[in-house]
Structure formats: C-alpha cells, structure tokens
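Going by the order they are written in, the chains are A, B, C and D; count residues from 1 in each one.
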Amino acid sequence: MLLRSLLPVCMRGVRSAGTPRVMHQLASTTKPALDISGIYPPISTPFDEREQVDYDKLEENLQKYSSIPFRGIVVQGSNGEYAYMSREERLEIVHRVRQKLPKEKILIAGSGCESTQATIEMSRQMGEAGAEAVLVVTPCYYRGRMTSSALVHHYTKVADSSPVPVILYSVPGNTGLDLPVDAVVALAKHPNIIGIKDSGGDITRMGLIIHKTQHLDFQVLSGSASFLLAGYAVGAVGGVCALANVLGAQVCELERLCVSGQWQEARKLQLRLIEPNAAVTRSFGIPGMKQAMEWFGYHGGNCRSPLVPLTEQEQKELRGFFTNNGWL
Amino acid sequence: MLLRSLLPVCMRGVRSAGTPRVMHQLASTTKPALDISGIYPPISTPFDEREQVDYDKLEENLQKYSSIPFRGIVVQGSNGEYAYMSREERLEIVHRVRQKLPKEKILIAGSGCESTQATIEMSRQMGEAGAEAVLVVTPCYYRGRMTSSALVHHYTKVADSSPVPVILYSVPGNTGLDLPVDAVVALAKHPNIIGIKDSGGDITRMGLIIHKTQHLDFQVLSGSASFLLAGYAVGAVGGVCALANVLGAQVCELERLCVSGQWQEARKLQLRLIEPNAAVTRSFGIPGMKQAMEWFGYHGGNCRSPLVPLTEQEQKELRGFFTNNGWL
Amino acid sequence: MLLRSLLPVCMRGVRSAGTPRVMHQLASTTKPALDISGIYPPISTPFDEREQVDYDKLEENLQKYSSIPFRGIVVQGSNGEYAYMSREERLEIVHRVRQKLPKEKILIAGSGCESTQATIEMSRQMGEAGAEAVLVVTPCYYRGRMTSSALVHHYTKVADSSPVPVILYSVPGNTGLDLPVDAVVALAKHPNIIGIKDSGGDITRMGLIIHKTQHLDFQVLSGSASFLLAGYAVGAVGGVCALANVLGAQVCELERLCVSGQWQEARKLQLRLIEPNAAVTRSFGIPGMKQAMEWFGYHGGNCRSPLVPLTEQEQKELRGFFTNNGWL
Amino acid sequence: MLLRSLLPVCMRGVRSAGTPRVMHQLASTTKPALDISGIYPPISTPFDEREQVDYDKLEENLQKYSSIPFRGIVVQGSNGEYAYMSREERLEIVHRVRQKLPKEKILIAGSGCESTQATIEMSRQMGEAGAEAVLVVTPCYYRGRMTSSALVHHYTKVADSSPVPVILYSVPGNTGLDLPVDAVVALAKHPNIIGIKDSGGDITRMGLIIHKTQHLDFQVLSGSASFLLAGYAVGAVGGVCALANVLGAQVCELERLCVSGQWQEARKLQLRLIEPNAAVTRSFGIPGMKQAMEWFGYHGGNCRSPLVPLTEQEQKELRGFFTNNGWL
C-alpha cells in the first residue's frame, strides 16, 4: 500500500480546528483519513486568443475564490477541459495551483486517462505536483468492454500505486458510462479509495451507494449543484459543482444550510440554483460556464477548439436563467 | 410546505370529515382544493388461475390496508396492470374499491388512454364510478409526435371536461416519454390540473417543476419509494409508491419522518427501502411486487399474460433484497 | 395446431395464376403456405372534422390504390392509428376493406394488443373479418419484463389459436422494444408464424434473422421504404412501407428493380426515396404522411388527437423533401 | 459506381504503379484524387506480457496479410487500441508499418484527438510518417456541445492543414456520437476531405449520405463487415472491417462478389459473416478479435488494460460463432 497513509494526519489536509467534520481515524482502520466533505469548484482553465493557458487569469480566479469557504478545488475535472490538454499542461496547472492555494484547502486533481498504465503514471505525477487526492474518471472509449470487473481491475491497479487517495468519478453525460454500483461497492473497500464524485444525478443510485458503503468511511460527493440538497438529504458529504465557479458563495451557503439542518431555507436556495446550473452544464456546457464567469467577475476566457463560444442568442438565453432566478 | 402537516386540518384543503371531494374553493382562485398530499399504494389487481380479476382477494387486500395511514389509494395505475384490462374491468374495479374504501380516503383512478377522446370518456366514467381524481398517463405510442404542444393540447382537453381533478402522470420507464417540464408548467395553470405523479426519478427535474409552479398550488407526488425522501426534501407533498403495496406502514413512516423534519431518521429508513423498492419495480416489475405481497400477508395473485411469474432464481434474489435490509 | 393449415390452399389466399411467387407447399411441411412477398401500404385511416372514420374517403383511397401492383395492404398497422381506435372500429375497417379489396390482394390486419388474451381474441376476430394474416406488434407497456421468454410465450399462445397466419411486428420507434433475434428465431419454427415486419432499420439484424431462419420458410418484410433495397439485398421478400401510401407506384417499381436484379437502377430510385420516406415517418409521422397523401391525390384527412396537424413551417419542410427529390 | 472496378485502372483515380499517394489532380477539380475503394483491416496492435508493443508480431501479421487483396490497411483505428497509446507510439507504428507495407497499398492512419489543435498536429505527423490519408474520429468527450457547427469547424480546420486527405470517422458505439448527416454533407465539399468511414450500421443514413454527396466524389466506407453488402448495395465503395483482421480473404471475396454484381453469392457469404463479425466487435470487442486472430494464424497478443482478456466461457461462445458458420 501507499506510503501516504502512514504520514501524520496533519500532512494530509484533514480539517483542522474549527470544523466539526473530521472523520475520526481509529488506529485499526487502514482507510486514509482525508476528509473531503465540502464544496469544490471544478475550476475552468482560461485560454487566451491562441488557445494557450492563461496562467495569470487562472491565478486571479484563484485569488477571488479565496474568500469563499470552499473545502478545496478540483483541477483538471471535466470542466477544466482536461481532455484537450497535454500531460505536461495538466501537471503544470496542478503544480501552479497548489502553490497559490492556501494550505488548508484540498487540491483534488483529475488524473484519469484511457489506459490503466497512463492513469497510474498520471496519478503518481499529480501526487508529486501537490494534489492531495486524485479524481479518476472511468475510461470509456471501449465502453462495450468496460464491464464491472474490468473497471474494478482498473481502479484497483490505480489505487494500489497512487501516492494519494483516489476518488472515483462517474460522469455518464461525458463518458456514456455509469460506474456500476456493484463496482463502486467493491472498490469502496480499497484502503486508498476514499470516495466518489457522482455526476449522473440519479439520487436513487446515490442513496444506494451510500447505503451499501455505510460501514466503510466512503464519501460521496454530488457532481452537480442541481441535486446538492437531495444529495445531502441521502447522506452525501459535499459537492463538486460547475456552478461553484460562478456562484461559489451561494453554493457554499446551500451546503451550510443543509449541514446545519435548515432544510426549508436550503430548499428555497436549491430551487433557485437549478436553472443556472443546468445552463452552465447540460444546456451550454463549458462555453456557457465561462461566459457566466465573466458576468460574475471571473475570467472565463476562451475555450479550446472544437468547443465553440456561445452564439448571441445562446448568451441571451443563458443570461435569462440567471436573471430569472434573481442572480443577475 | 413542510409545516403543512402541523396546520389544522381545515387549513389544509378539504380533509374535512366525510368527504375529501370538495372540488372548488369559494374564494377567487379557480384551482380545485383537493389536497392530495400523502402516501398512496398503486394497488395491484389479483388475478386467479384463469387470469380473471379476483375481487374477493382485492377486497381482502383493501381490508388489510385500512390500518395503514395512507392518504388514499391509486387504482388502475401502471401497477394495476391497467394496460391489460378492458374499459369495463377498469371501471368495475374503481366502482368496487370506492365502495369498500373508507370515505376519508382519496381514490385516484388511472384514466389515461392513447387517444384524447377515449381519455376524456374514461375520465368522465371514472368520476362517475367514484374517483376523487384521475391520473392521466402520457399517451406514448406515437412518441415521435408527442411534442410538448401536442401533450398540452391533450391534457387541456381532458382537464376541460373531466368532472374530477386531473393529475398528470409521467412514467418514462413504461412510456419511453418524459412529459416535458415546459408542458408541466403550462398545464399547472389549468384550474382542473392539480398535480403530477413523476416516476422518472430525476430529482433535478422534480425540483425544477416545483420551482416553476410554486405559485400555483400544484402538487408533486414522487412516483416511487426510492426517491421519496429526496422528493420531500425538494418540496414534493407525497408519493405513489409500488412498494407501499408491500411495506405500506414503512413507507408511511418515512413520510411521517420527512414531514415532521426528522431527516436523520428518515434517511436511515429511506436507505433500507431502496433495494426492496428497486426489486419490485425496475428489476422484477409487477410479478416481483405480487410475489413480495404474498410474503407480507397480502394477495398478490397471478399476473395477466404476457407478464410471466418469477423463476425460482428470481424469487430467491427478490427475497434477498428484503432480508438483506431487515424486512424479512 | 390450428385447423387453418389443413384447409385447401385456395382458401388461404395463396397467389393464384399469374404470379411467380407462390411458395411451393410440400405435403410434408406444416408451415402455412401464404406467400407474403411484395409491397404493402400500411393504409392510413382518414378521419373527418369530428375525428370519426370517413369510410367513403377510405374506399376512394382503396380505389386509387387498385391500379398499383401492391401485393396487398396492411390495415391497422401503426400508420392506421390503430392505437386510437376501439376494437369495434378496428374490426369494422378490416371488414369493409376486405369487401372492397380485389380477391387476389392479401389483407394483413394488425391485431396486437397489450395482453395476450386480448390479442388472441382480436386475431380471431380479424380472421373472421376477412384478414388473410395478422400482424402482431410486440406488447410493450411493461417493457422491463418483456423478456425474450415472455415474448415467445405471448406469440406462441397467439399463434396457437389464430385462425390465420401470424406475422411478427417489431417497431422499436413506437414500442421502445426490439423483438430479440433469439425470440424471432424460436418463433419462426411455429407452423403458424410465417414472417416478421421489421421496422427498426438495423440491416445487420435483418440479415441475421434471415440467416438463422433460412431453412424455415420464414419471410422477412422491411418495415420502411428507407431500407427496402438493402432489405432485398440481404434476403427480405418485400416491404410494408408508409411511403407506399403516397408514392405507391414508385415503391413497387423499386421492388421490381430489386427482384429482377437491376441493382444500379434500383439504387438510383432508392436514394431518391429516403428523404421523402423519413419525412413521412420519423420526422413528421402520421400527420406528415396524411399531408403528403393530399398532395398526391389521396385522402389523408385529419388525425385523431393527440396527434396534431403540421404547422405551416412543417408543411413547407415536408414539401421540400418531395420537391428536392423530384417527386413534386 | 458498381462498374468502377471494371474500368481500366487509369480511369479510377491514382492507382498507378508505385504510388497511391498522388494528392491533387491537375484538372479543374480541387478534390484530391485518392481512390480509397476496397477493403481495409483496421489492424490490431499486439502487446506483450508487459503490455508493450510487439513490433515483431505486428510485422509478422503484415507479412501474412500481404497475400490478401486488401486495398490497404488502417493503422490506429479503434481496433488498434489507439486510445491507449502515446503520441510517440502511434507515430512509430505508422512509420514502421509504412516501411513494411507494399507500395501499392494505401496506409490510412487514425489521427483523431479530442482537441482540434492536437488533431491538426497529429495529422501532420501521420502524413510525415508515411500515411496516405488520415482517419479522423469525432471528438466526443464534451458531446453535449459537439454540435454540427462545432464539428464542421473542427474538421475544416484539420482538413485545411492536413498534408494528406482526410477521411471522416463516425463510430457511435465508441463515441456515443453520430457525425450528423448535414455536417457530413457540408464537409464533403472540402477539397481535402475525401470520404467517411461510417461504423454506425444505419443503412438509411449511409444511403442518405451517398445521395446527398453524389456529385462530390465523396467516398463512403462501411465501418463493419456486418453491413458490407448492404453498403455496396446503396453505393459504398469499400469497407474498414475489424473482421478482416481474422477472415481477410473472405471479406475481400465478399467485396469481389458485390463489385462484380454477383449478389446472390454475395448474400450467402454476407450472412455467414454477421455472427463472427458481431462477436469480434459488439459482443467481445478487441479482446474477442485478438483471440480469434490467434485461431486463424495471426498474432492477436494481449490487450492493454483496462481491456481484459476473455473468460473461458466467453472464448467458448466466441468460437461457437465461427464454428457454427463454418469458419472453424
């Protein structure tokens, strides 16, 4: 197993004083103690006119995010356009973000590749670049053969050698593939697999995963702000939400209301976030998210091609979803 | 609406003694006042060996259900095998059930047919047979042309002439069709359309419907026990749950915990209901539900062909989902 | 088995003199001898302003079709809006059509219902009303339980008691369900199941069915004009084509070219039929087909609600698909 | 175009001795003259026990293929496990294969990446490594935004700068995305886009593409042996068939029968190829193809993880599909 879980807790990003959500590590358990509960923006990558990474703008966004009570950030998630980046770029961004990010914030880095070997290598390098955990998307190109057993084998190999804890990542909207519940349950027993980001939005499935892993300290994160309240209601511990790039404080407020049991207030807020969230995910995707970021004082920047910017009509519709819910 | 159940009955609509069937408020609003919040089993139809309706067994089931705090029952929902019944049978069952059902319980009858005209006629007859409301499934055979506007037109015609309030019914697992959100929102304004049973399980969609109809007294019912808690969390007022045919008291207990704000306890119960519920819906369907009913003292009876009974292996698996969650 | 196959050939609608396509019945085979090769329009049902069947217009259409070398016609297929008709209407139409149809033409009647019992009854009545064969769509409402074995059981029961040969009907665009290949192969052995209308358009599947039933005198009909040539190329013997309601002579000409091996000419014609066919099926459905019928001198008439007529814009697009391919 | 193969070589484009790589005709048309009609195996990549490319075995396979009348080969198609390879490996393999491949055979290299820029770069390098054409798969990770216009933009940019002709590649089984017909038609006008490999198997779609590009010298290749005959019937000019890795001579024989108009014989052969083909594609994927290669004297070798080898049971089933059709 990894060396990491042998390190003192203080070096592993576990929440320090002031937070009630430290997962209590007992001597006997081998499960890494990294508590990932909380809200994370899966940060976008601003590109300049030549589609090159604009590190200055990226850092300015980080600066602005620093006042929001995020638990950490996700770098190189789907919203970071990782699929359009070279290995070198992915690592460089993680390296730079870790340097700028306050120490108490967790950096989760996307390290998934199609092949097991590449994912192992990338996870190792992400750990070296400063990530506290890696988020590993399901390989999907040969989805007809990505059976439960193939996926269990893949993730086991990756987790066996990763220097940092592994978070499973199921995002059927992009991959056309749901990580099967039985695979999740099997993998939850691995000492270096600490949770899952589930972006599918099937609350029954999320509840089932939570139910079947409840004795395993396995942490479920909602993969979108649209079902964040429902996720908390069934036992999720946080969320990685594209919308947090735009309305970060509001998403964190929703977290606070859920965690403190103010469900009535939480519901009111949740309902106002669904349309803006759908707009920056399903409807208009990353170009929509980047456009909305500009309206809220962040640098969205260009996308890499083949992603194309919104048309004027699309921008208008997008804006409507924010204004109609009182956010603009 | 979470506080709703704490209000005096007189403020909650029409639950006054003797009849739940008051149709119209006296004040300026034209929206019918039938409060449908609560839990309903969509009762199954026991058939004998010759696949004929066994009315005696049906009535014995009703007798057993009478001790459970259901708000009412749904007759001729999908779980009643309505698709396999003649018009005469559908009406006869509603008629008989209404006679046996305590007056204070609401009877919701499925009246959906493929054509608008047949649905209008069936809704009228269901009202005459004693239904307090009709549940109208989306027509679906020509789904390529079942556009939002075609469906709005269909439901408007039906609601215009129905003698009892109309509840929309979206069940994509059977129909291959989701009633579009924009159609739901448009229809929610109709004075004789009082709610929707949404069985798709997309909690984001349910939240959005609730958000966009919140000033309309439009009532959303979760269409399955698997997401009942999540439904309440986002503002649903009840559920029509196949599992309530089997574990009726438990589903009502889940309702009570949600409505009274005991979310932690609610979650524990919800999680134990997901597998049994999936087993009697998605996995093993009506034959599974009927088999499980037998184990819990109800009459499941035969299904009509082409539904076939469970194999021994399937029975064993089905039983496992109940025993593993502590229900058997 | 049925009595029917014991009847003299002359009573079973086998092609009389003048047609080269009689399937040779040997004494030893039990397979019914009805040769269904050829082209069939699945006729539409003209409705008047009150959505009542307009029998006069229906008969005028039949009169016009009489000059086209159709092998027969299909009554109460999907395009006949059978899903919107009462049992009485379905039978009445078949009865009337059989009276008007020349004796040498085959009448195939849709008799599928959701329940096995209703389908058995309807098949019997369709035979009595004059149908030479029945076309039995897959039951689909409880599609999650419509397993291969359930469907084999259903069709076997229906075929066992049908007085006329049974043609399987797989139309996933409407039912959301493909009749599985293994079920088709199993059913092809039944002496009273003589073929399948496959509307899915998966030419690989059609080839596989033909391959695996090639020793069984099982006849495959393409369910749409869009893949009629490809169907013939892999061994289909005809087609039931919505487009034949509009461009009947052209579809029959395509048949002639394929059957006589003039593949080059066949291809030219086939390619010009794809867009018009897609327009009257997938894109604009029955309302599109009925509109196009009017342009070509037939009575399309109204649809039953919830089908709505085309908008002006849709009509314009529809017309474009005919004009751009040189048909208008 | 069926007569095409009967024409003198000089009238068919550029198949003159020594090089198939003439890029531009001298006459007025700007469309590149590379004639790609014929059969191509999308060759697999044998890996050793450590999952490293086994170049010796790859070259032995090429040696064995040299006696089969392939038009050329495809390197780094989906079946080559390109998704699991580094850029360097992809280029190295193309380089080596080009050296071993007879000059008159066309080498088509997969060069698709998710980002436009990476695809441009890879296409350039593939041309330098010796490819006569590049096969460019649709980017798909952000499929919700891969609109027709985004894809047209992507392919236009790639084709503008590619030193060799571009072949579009639509493979929804892997990508979850069909390149829309309108995008194909728009792109067919680009002087450096010469055709499409369509692996979806929708023969209506293929016919429509052929119909709408018939004045553009745009060449359609069937992407699988299961619908090769149907493809030729509607005007395709060849095929890239996984099965050709295993039964190369038989696939070429099917080509010969189709091109020479022997449709009856072609059909008999086609039908016997469907099950083996389905087995090495949809059912058992690349591990199935590699296993079958071993049975027929080729080196299949290992797959890269997360692809896992077939279980014994799967091997047995796979073998059955070959023996039942008389190939083993």
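One rule holds for everything that comes next: a residue touches a chain if its C-beta (ideal position, glycine included) is under 8 Å from a C-beta of that chain, and two chains touch if they have at least 3 such contacts.
A quick note: this is a predicted structure, and the numbers were derived from the prediction, not measured.
When every chain is reduced to the mean of its CA atoms, the largest separation from chain C belongs to A.
Mean C-alpha position of chain A lies 37 Å from that of chain D.
Chain A and chain C have Cα centroids separated by 52 Å. In chain C, no residue touches two or more other chains. Chain pairs that touch one another, listed by label: A-B, A-D, B-C, C-D. By the touch criterion stated above, chain C contacts chain B in their complex at residues 51, 78, 83-86, 114-118, 139, 141-147, 149-151, 153-154, 157, 173-176, 282, 284-287, 304-308. On the side of chain B, the complex with chain A involves touching residues 2, 201-204, 207-208, 210-211, 214, 224, 226-227, 229-230, 233-235, 261, 263, 267, 270-272, 274-275, 278.
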